[in-house]
Amino acid sequence: MATLLETSRLDKSFGALKATDDVSLAVDAGEVHAVIGPNGAGKTTLIAQLTGELAPDRGTIRFDGRDITGLPTWRRTRLGLARSFQITTLLPQMSAEDNVALAVQARSGSSFRFFADARRDTTLRGPARSFLERVGLAPVAQTRCRELSHGEHRQLELAVALALQPRMLLLDEPLAGMGQEDSARMVALLRSLKSELPMLLVEHDMDAVFSLADRVSVLVYGRIIATGTPQAIRDDPAVRNAYLGGQGG
Amino acid sequence: MLLFLEQLLNGLQYGVMLFLLAAGLTLVFGIMGVINLAHGSLFMVGAYAAAAVAGHTGSFALAALAALAAAGGAGLAVEFLVIRRLYDRDHLDQVLATFGLLLFFNELVATLAGRTPLFMQPPAWLGGAVEIIPGVPYPTFRLAILATGVAVAAGLAFLIARTRLGMLIRAGATHRAIVGALGVDIRLLFTLVFALGALLAGLAGLMAAPILAVQVGMGEQILIATFVVVVIGGLGSVRGAFVGALLVGLVDTLARAFVPGLLKQVFAPTTADALGAGLASAAIYLLMALVLVFRPRGLLPA
Amino acid sequence: MPAPLASAQLPATPPASVARRRVVLLAGCLLLAALPAIAHGAGQPFLIATFTRFVIYAIAAVSLDLILGIGGLTSFGHAAWFGLGGYVVAIAAFHAQDASTLLGWGGSTEALVVWPLAIAVTALVALPIGALSLRTSGIHFIMITLAFAQMLFYLFVSVKFYGGDDGLAMQRRNTLAGADLRDATVFYYVCVACLVAWTTLCAAIRRSRFGMVLSGCRQSERRLLALGYPVYRYKLVAFVLAAAGAALSGALWANAARFVSPDMLAWVKSGELMVMVILGGTGTLFGPIAGAFVLLGVEQLLSAWTEHWMLILGPLLVLFVVFARRGLWGLVAGER
């Protein structure tokens, strides 16, 4: 399978701390690739470099064969690399539908249009509603974002990312802070997307990772210590030692 | 060349005065996250107190005491009544409330002291001039300002680097929550820092009173220059404030002294004077724009 | 799309408050229209000139709200655009009066020429300044906009040819398509028309695609970047638009006072404009109009009562900020 996203020998240090240490990672088209690792392993720093919020000290990031290492965040999104945030970064004073419509708008050409009422624009609102339906948020479409529950925020994050119609999703702990029921629903949703969209999934929830991912990379102290199928990772003694040991294997 | 040396000293002297103000402003911002437009008013209050007391008693020592007491007292009152309520607010609210304070102080001073500028003589023992190099006299008082400013900067550096209060200030600037969690009375820390800033502003006012006209509005003029200093140096950074203050002091003074002359090489004298004055006034803002283009967070960010 | 679109068009605010807002807006428009008649009725026709100034400031306040309230960009140098617009008009009149030229142009006193010119020149100056200022954010942005405004302030102080410190007087008001603007009531309605047109335009912009992006920038710039918006460009366009609105206001002011001076660009003026916006309610566009009327009205009343009115106004401002969490528009129209 062709490689869609690829990092090569990525380094990022903060003072003496090596947050990302020689990370080479490849996500194939059609694959769900999970990155797991204990707290402080450098997952957040890795995501920030992939999205362009942090510049790596060394190394390159390629997306669809193109070097995107120096590109700003918004250009990466335009190339089709969409992300969800771990800590919800929705627009609090806008409705759920507004949030998704703004993503639809981002895909639909120039936003330097100053006169027509964007809230009455069916070319934005129609698709926005269908994405909300897809994640199960149609009933709260008109609710202001800050009044939604945590679980709804996570779902909305996903709807916004989908509305960008990306070629690949970067999911930063999409299950963080969710209850069991919400989690199960989100996992089901992600599984239904699996055939359409390649994903890079950074997640704590082991059950979810092992049930969704085609391949898993394990990040410890900024280094990838193993990459393989969920089964291979489960059986890897180095991984068990560094990471899974505490869970009693 | 001699003129240049003199202007250089003037620039440095203006620079250390700016530093006294910038240090307070940047500490208050760095630690409390409050932007205080009334900081220049404390400077003005200090200058007025000094000029008024010196005028009545003729004693520089009493004037100095009055300047520090007035600025410190006004600072404490402002912190207690207003700033304290603005810690967690939007910068916009802070700008607005302290803008109200500034209007108030201007009018208060105008009501109490009138609108005609006051003038103050430097004390007799600093009134003369010394020859910095043979044949070049320079006012002793200005040298004293320079020396005091450098001494205060050194004292501040010591305070911040070596004392417990300084440790809290450094920690507070970056990790406010952690300092709170250490069991430190954060309110007291804020009040202390604010009072320190007010005292430094009062000291600057005392120094400025004998060399500038003491008048309503003097606070704003220097406040805006202080903003430029703080932005150039990097908000919240005392070292940055020092570097920025000297840079701004030098650039402003040298530009005023030499730009009109340089323009006369090209333009007619009247045009050159007018244009030169404008360009010289704008020089520090140009400097700031340049710094921000290359270092948006200032030269030495905190 | 099978989804029912009717419900998609429901605004996020409940209908009751929409109705209330409309009533308040209508009442405001009627009041603006009736002010000259009221002034005449009260036997105080000179008040028309006072209200004209209120209206002119309101235009500048609305334009500041476009970036400050909607875009979340706290510009502390907005008076620079107000002053620049005024100066363009006064300088054009200056050259028309003494038959001299500026870069080969003989000046003009025709509003339809010089007002758009004031807007265009100001926008051209605001473009590079905005481009530089917007490299920063937060408190840095506040300070750099202040500093650039000071730069322009000193520029006009130093240009002695156009009066420098002393300012520049205009012999008479501009003509509008040949018609005289000398009549106070006519000029008042011209200013009101400008206010209504500008506010309507800003309200349309707020609802537009551009406005949605701008509002998004205020709420979370990070999100907008992740959506693929180059937010810098949107903020820059908003900055220039806001400057253009203030320039219109300044052009009107030059006509109202027949005089411009560097004081128009003074930073205290920028502060006053911010007060108007916040007093009225940030991001509401209509609120700042009320804010302008209330602030200037209070100033007028206090100054009639005591010379030291700022002793009262200053603490009033502080109290307002400390205790009122939403502006006048929120209290009256129930928005936000």
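Order as written gives the chain letters A, B and C; numbering starts at 1 within each chain.
The rule is simple: contacts are C-beta pairs under 8 Å (C-beta built on N, C-alpha and C of every residue); 3 or more make two chains touch, one makes a residue touch a chain.
None of the values given here were measured: they were computed from a predicted structure.
**Q** For which chain is the distance between its Cα centroid and the global protein Cα centroid smallest?
**A** Closest chain centre to the overall C-alpha centroid: C.
**Q** State the chain with the largest centre-to-centre distance from chain C, centres being mean CA positions.
**A** A
**Q** Would you kindly tell me how far, in whole Å, the mean C-alpha position of chain C lies from that of chain B?
**A** Once rounded, the distance between the two centres reads 32 Å.
**Q** From the mean C-alpha coordinate of chain A to that of chain C, what's the distance rounded to whole Å?
**A** Chain centroid spacing, chain A to chain C, equals 42 Å.
**Q** From the C-alpha centre of chain A to that of chain B, how far is it in Å?
**A** Each chain reduced to its C-alpha mean, chain A and chain B end up 48 Å apart.
**Q** Which chain B residues sit where two or more other chains touch them?
**A** none
**Q** List the residues on chain C that touch chain B in their complex, please.
**A** Residue positions touching the partner: 68, 74, 76, 132, 135-136, 138-140, 142-144, 146-148, 150-151, 154-155, 157-161, 164, 267-268, 271, 274-275, 278, 282, 308-311, 313-318, 320-322.
**Q** Show which residues of chain A lie in contact with chain C when the two form their complex.
**A** 51, 53, 72-75, 77-78, 82-83, 85, 89-95, 97-98, 101-103, 105-107, 111-122, 124-130, 133, 138, 141-142, 144, 160, 164
**Q** Under the touch definition given earlier, write down the residues of chain B that touch chain C in their complex.
**A** Residues in contact with chain C: 29, 35, 37, 82, 85-86, 89, 91-93, 95-97, 99-108, 110-111, 220, 224, 227-228, 230-231, 235, 274-275, 277-279, 281-282, 285-286, 288-289, 292-293, 296-297.
**Q** Within their complex, state which residues of chain C touch chain A.
**A** Within the complex, chain C touches chain A at residues 1, 3, 5, 7-12, 204-205, 207-213, 215-216, 219-220, 222-231, 234, 237.
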